[in-house]
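My questions all concern the structure below.
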Amino acid sequence: MSAQFVQYLLTGLTVGAIYALVALGFSIIFNASHVINFAQGEFVMIGGMATVSLSAAGLPYLLAIPLAIVAAALVGLALEKFAVEPARGASVVTLIIITIGASIFLRGLAMVIWDKRFHALKPFTGDTPIPIGGATILPQSLWVLGVTLAIVLALTWFFGRTLLGKAMLATSHNRLAAQLVGINVRMVLFVSFGLSAALGAVAGILIAPITTTSYDVGVMLGLKGFAAAILGGLGSGVGAVVGGLVLGIAETMSAGYLSSAYKDAIAFVIILVVLFFLPSGLFGKRGGERV
Amino acid sequence: MSLLRVECLSKKFGGVNAIDDLSFDIPPGAVYSIIGPNGAGKTTLLNLLTGVYVPSAGSIVFDGHDLTGRAPYEYASHGVARTFQNLQVFFNMSALENVMVGRYMHERCGLASTLMRMPRLSRTERACREEAAELLRYVGLRDYLSVGADAMPYGALKRLEIARALATRPKLMLLDEPAAGLNPTEALELDDLIGRLTGRGVTVVLVEHNMRLVMGVSDNILVLDYGRKLAEGPALSVRNDPKVIEAYLGSDIARDGSYGKDIADVVSVAVEMHR
Amino acid sequence: MQSRPILVGLASPRTGGMLALAGVIALLPLFLSNKYFYDIVVLVGLNAIVCVGLNLLIGYAGQISLGHAGFFGAGAYGSAILASRFGWPPIAAMLATTLAVALLAYLVGRPILRLKGHYLAMATLGMGIIVFMVITTEDAYTGGPDGIAVVPFSIGGYVLQGERVWYWVVGALLLLAVWLAQNLIDSPAGRALRALHSSEVGAEVVGINAAKHKVMVFVISAVFASVAGSLAAHYSGFITPGKATFLHSIELVTMVVFGGMASTFGAVVGAAVLTTLPQLLAVFEDYEMMVFGAVMMGTMIFLPRGVVPSIARLFQARSKQQIGDKESGA
């Protein structure tokens, strides 16, 4: 393994972890509501931008970051309450347009509150690259990987062990049956939007020191997160994580070895190729129509 | 000469054999019924016989053409039509339009003449409309011609599917539980309708739980159990077949024999309980 | 009673709508006082052509596409490159481009139209983005993000120039597009599309090859978008990748849904409203994006069926009531 390969792999894992977090957000909301929330990328933007503002206002990261996450979560709850809930039972296309409308609205709002410039966030713990096997890794990348791992473990615990988590899983399998056994489906919907928004914000905060952030950073991150969620199979948690990492690594590798001009296109080429062969993604539910 | 010949047909889902090495022949002009307990594989079999499912093994020959593995629209083009237990009505259209869709194969024309709306098309459209209206009246839906399918009662929708299937001018018509969900009067009218279908020269395959209907109209009956053929033959021989009674009632009662001569009634009661 | 079929014929959405649209196109210049208005209306017309095609796909066949700006962009750049860089006659450039886009749509459509719902949305979105990336990256031909100048459209030495000339050309083409779309809808193939929208298996068992029909309507809608793209390039004399973005794909879908799914005239209305809206919203300056997003959300929440079907329903309810009044009065 050449040092260059290791370098691309490390970078790819870092980017992939961010895609995985965004994809998890897509999957959680999809499971609870069968809505694809195209505003998911805006949570990423809000997380990063809010942290930039708050720390510029003098707050330490220890305060600024939780506040930014809470802010994003509140936006997520508001989105559910004012845009998704009133449109219950609408068609897939209608819901797609509503959430895209929401994302345009949030982007416009961010432009008004902040500005159109790029903002850098100071790395959490310095920016001296750490050498690994001939390659180097930024301390911030370690933060990205570590926090993503911690979140995946926490979500596994949440969905596997807690009552609320199990209720959310049950709702995703069969909404009506969940309602019949007394699960508050409204509550589940609400929590899923808050949780997804928080995950998105975390992703945005983690990546901001590496790539900088701006009011429109959510568009591409959102679309790639969606691609990762579809690649893994909609609604599958494992799929979201694997899909994110695969996309991240494939993107960095092809940018490094092939052409960096088409870096952003790689994710979509991969998703098309995979869907040609596996119409439900890597880990999606298969099964024919019952007639 | 059989109209439909099924040989060694199997369908696996995961590791389970939903249909297991099944062979039978359906002669033209008859009413051929398929019965069996819930989960016996009746609807799976119907889906195989119309190309909705692709068989895991075996062959399906219809009217001299090997249709194994073909798509549903190819089955339709050779003259196989069907209705569905879970209605597949086009709810975004009127009853008339639903039946007009059934005329598709005999109406379609090239894309160019469609886009240019050649005069020929207007004429065939009018004829299509009239024939569809005629078919709706034929199945007793004269009151619903311009009614949206989403505003029709359940019983009418079942007839609508029959009219739509008839519009394809089929040689073979497969009815998947046509009596399910109908009230007794509607179910009685179904006997008559099935009789008239065979009168038109259409061979009918009937999957049904209503034993009164099955025993009344069938020329031959195939009994399925766990995807295998349990018995096959004329109605009378099947209803007295101990294997059939055992499958429906469990072995104890059948061996006891205390239910007397007309076991068929018991069978039909038991079958009603199964539903 | 005997005159009724004729009346019904005139009042039918088909003939009545065509007449109304022709009337609007004929009379609109009376209200267009300057070039700026003509410009907007030409853009409306071009978007409407795309939407009439896209509505066949989304509204009638029930297949979503989040990538049609890709076809629009491919049409625009195909024409621009062939006519401006290689000196082809614009009409030949447009025809060749249209054929190429039709082929692209066919090749892409065959595998991806097997997908359902969100997976289809993702695949079409990905296709659109790939087209966009090719346009921005291959700058030797496309001029990259800066765009490319396009020669004016000309046929046999006659050069199409000026908003007024373009107004009538685009108006006529829009009528043609609507006529073609209506012909398709009112045919066995059109019924087949609506049928597979409702139940694919139901359509298949009466002999409809669902896959073939989906690909066919996908190609038709791509052709409409491509032709509109070619015209837009020649009309404005300059194109940038902005018209091929994901956002523009979304705008197109929003026009269709806003006007009303499965309503050709709804698609025209949707294109008219949502093309004019940003011009009106310009007064909001920095808040333009917010207001646009809010309008998108609001209309979809409160008018999920779209404007035209909602109004049509209102009229139907009222005329039924009137008939009822008459009958009870007689």
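Read from first to last, the chains carry the letters A, B and C; within each, the first residue is number 1.
Keep in mind that, in the parts below, a contact is a pair of C-beta atoms (placed from the backbone, for glycine too) under 8 Å apart; a residue touches a chain by one contact, two chains touch by 3 or more.
Please read these numbers as outputs of a predicted model, since none were measured by experiment.
A.B. asks: Of all the chains, which has the CA centre nearest the overall CA centre?
C.D. replies: C
A.B. asks: With contacts counted as C-beta pairs, which pair of chains has the highest total?
C.D. replies: A-C
A.B. asks: Farthest chain from chain C, going by mean C-alpha coordinates, please.
C.D. replies: B
A.B. asks: Could you work out how far the Cα centre of chain B sits from that of chain C, in whole Å?
C.D. replies: The answer is 42 Å.
A.B. asks: Measure off the straight-line distance from the CA centroid of chain A to the CA centroid of chain B, and report it in whole Å.
C.D. replies: 48
A.B. asks: On a C-alpha centroid basis, what's the spacing between chain A and chain C, in Å?
C.D. replies: Whole-Å distance between the two chain centres: 33.
A.B. asks: Quick one: which residues in chain A touch 2 or more of the other chains?
C.D. replies: Residues 291.
A.B. asks: Show the residues in chain C shared as contacts by 2 or more other chains, in ascending order.
C.D. replies: Correct list: 201.
A.B. asks: If I count partner chains per residue in chain B, which residues reach a count of at least 2?
C.D. replies: As it turns out, chain B has residues touching two or more other chains at 52, 84, 88.
A.B. asks: Which residues of chain B touch chain C in the complex?
C.D. replies: Touch residues, chain B against chain C: 50-52, 71-73, 75-77, 80-82, 84, 88-93, 97, 100-105, 107-109, 111, 114-117, 121, 125, 128, 164-165, 167-168.
A.B. asks: Would you tell me which residues of chain A are touching chain C in their complex?
C.D. replies: 30, 36, 83, 86-87, 90-94, 96-98, 100-109, 111-112, 219, 223, 226-227, 230, 234, 261-262, 264-265, 267-269, 271-272, 275-276, 279-281, 289, 291
A.B. asks: Which stretch or stretches of chain C touch chain B in the complex?
C.D. replies: Chain C residues touching chain B: 180, 183-184, 186-192, 194-195, 197-199, 201-210, 216, 262.
A.B. asks: Using the touch definition up top, name the residues of chain C that touch chain A in the complex.
C.D. replies: Those in contact with chain A are residues 58, 64, 66, 111-112, 114-119, 121-123, 125-127, 129-130, 133-134, 137, 200-201, 246, 250, 253-254, 257, 261, 286-297, 300-301, 304.
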